[in-house]
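Consider the two complexes below, in which chain A is the common component and chain B and chain C are the respective partners.
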Partner chain A sequence: MVSDRPAPAIDQHRIKQLLAQKKQLKLFLSICAKCGLCAESCFYYRNHRDPKATPAYKAVHSLGRLFKKRGKVNRHELEQMKSLVFDKCALCRRCYCPFGIDVSSMIALARAICRSQGVYQRFDDK
Partner chain B sequence: MVNPSELYEFVRGPMTWLALAIFLAGSAIQLHRLFRLSARKQRRLLRAAPPKKRAPATPSLGQRMTGWRTALRRSVLGRHPLLIGLTVLFHTLLFITPLFARGHQVLLYDAWRFSLPSFVEPLTDALTVAVISCAAVFLGRRLFSAPVRALSGVTDFLLLGITVAPFVTGWLAFRQIGPYPQIIIAHMLSGQLMLIALGVTKLGHMIFFFFTRLGINSEHSLAAGSRTW
Partner chain C sequence: MIVAQIKPLPEIAEGLEPHGKTLIVGCGGCTSICLAGGQPEVDQLCLELEQLFKEKGLNKTFEGYVVERGCDPDFIQELDILAAEFEAFLCVGCGAGAQLIAEQFPEKPVYPGVNTQFLGVNREVGWYEEKCRSCGDCQLAYTGCICPVTRCAKSIFNGPCGGTQREGRCELDAETPCAWVDIFNRLKTQQRVENIERIRQPTAWQNQKQGQLVHEAYRDRYTKKD
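Up next, the complex of A and B:
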């Protein structure tokens, strides 16, 4: 059952802590040339042909946004990320990148950050 | 009003050194950051079970071919052979065309009494056109391929422009199209802008590519891999 209680405030300090643990990923995100060559390696993209489901798009608009805003995000933004990192990625680790960027590690961290703020896949969502 | 010849001397002299210094310092800082952040390896949490001891079976040629085909199909090369070919060509020419251009070697000889071998001019001309054509294909992808368009921001178009501008202006100068003094100054300035961008923007992948792909022991590098995060 979906709870009617108001969601707790976002703990931006905790998000910053989680981001600081994996600073390497920020560097690798900054190398991404946005070439889009990773698109065809994602089975979700290949089935749905949704331009917002390519590995690079998911990483840039979830973890990339978190790094860019230094963790200062609101619940609405995290809810938007939820659809990218939980619904559109199965963490199957089959995505490739010409630079060797590990996209699924980025999605996994974005998921961890969302979960730390109580934003996660709920199977009782309406 | 700035005197064109004074501007030319400034762009040829101090401005070149400044661009080179920013490129070298920016690259050194970025590389230092890359190594500092990748030095600590994460302990491996899972290990593959040791292989069972069996008499070694020699795979047939057919089995080997299937293995290779599967590996190729899963790689970016197998999925987009044409685009990868074009990318390799583009990046190789970006480097060798200006390096072996006759005009550049003449300038080098004038300055330091030293020069490298150079391509004949029609070859440099053809290679420049090839670079511009490759860039046009990449621009087309950014504009018309839905997944790439969704990813692209203003910076990505700008960086493509910065990369190709020295080649366009160089080609115009060589063909003597337009006012030569202004075009040659624009050529030098755009080259310096590219050099600066190599040091401070994501164009730094010129250097990073080799480290991320070969040097750093991460899971996806071609060197022996273990996760660094």
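Up next, the complex of A and C:
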């Protein structure tokens, strides 16, 4: 049985550590030309036609924001990211980029950072 | 999805006792959904194991990390950065995930923290039911999409057997419906009974009963009360 402990304060040091471990992903963010070609390869976008579901949007507004703010984010921002990286992405790894950007790796790191701060999908009914 | 159940804590602790710092690896896929190996379970296991060893007078450290999918080598690679500081791994992903981690780190012992149970469906939160035995010879097309391998106690391809009881129950358990009666009724509704009139080659399945798992936390909810 899981406990009902209150959420701890954001550990920005841990976020910085995780970002540093995968700092090569920062390069992907600078390469992205915002061409939107990745959109049609995303089944979630194709089903919902929600511009916020395009792979580029999801990566830029999750991991991109984390890099830009050097990990200095609050819980509210992480909760906003949660809906992008958990609810709007299945990590099917089918997103296509003509520059070879690995979008799913970026989403996976954003998820790992969210998880490290206690922000994740719950599958029980709490 | 794959359904798993956390092993009893003493069994986990017995394996880990000889080791120092241990990394508990969760999975963001199936075992998260069945409440066995996601982030909350990993966090809880860290606390419980530390406490259990403390009571034995042993000071052991546990840390947790959840990979996106334990059955995908691309995601397992995330552990490369962490592995050096740990003596052993405890995997609360399915058996496939544990074996993949062991392949990735052959020099470190990997222990399973869950019992992988079956391929099943979510009936309700915390209530899972077996639907497929991954037999590799799917007969659903001819059986009205009811699996005789999983549902029938004898896993027979040409049923029902002589043990079918009144009201279409299995001879093993009066609560269990006979799979072949259900197959017949469904095919009759669809006017496809001829599907099961042709004899199919029998397979050498061991007698097995359909598996079902209700998560401990939800047992009260789904247990019949008089």
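Rule of thumb we're sticking to: the second predicted complex is superposed on the first by the 117 of 126 C-alpha atoms of A that agree within 3 Å, B and C clash if a C-alpha of one lies under 4 Å from a C-alpha of the other, contacts with A are read in each partner's own complex, and residues count from 1 in each chain.
One rule holds for everything that comes next: a residue touches a chain if its C-beta (ideal position, glycine included) is under 8 Å from a C-beta of that chain, and two chains touch if they have at least 3 such contacts.
Keep in mind the model is a prediction, meaning the values are calculated, not measured.
Looking at the shared chain after the overlay, A:Phe123 reaches chain C, while chain B stays out of its contact range. When the two complexes are overlaid on their common chain A, residue A:Leu91 makes contact with chain C while staying clear of chain B. Shared contact residues on chain A (touching chain B in one structure, chain C in the other): 105.
Considering their complex, residues 33-34, 37-38, 74-76, 79-80, 83-84, 87, 141, 145-153, 156, 202, 204-205, 208-209, 212-213, 218-222, 227-229 of chain B touch chain A.
Across the complex, chain A meets chain C through its residues 1-3, 21, 91, 93, 105, 108, 111-112, 115, 118, 120-125. Against chain B, in their complex, chain A makes its touches with residues 22-25, 27-28, 30-41, 45, 49, 51-52, 54, 56-57, 60, 94, 96-102, 105. Taken together, the chain C residues at the contact with chain A in this complex read 28, 32-35, 38-41, 43-44, 47, 66, 68-69, 74-75, 78, 81, 125-126, 216-217.
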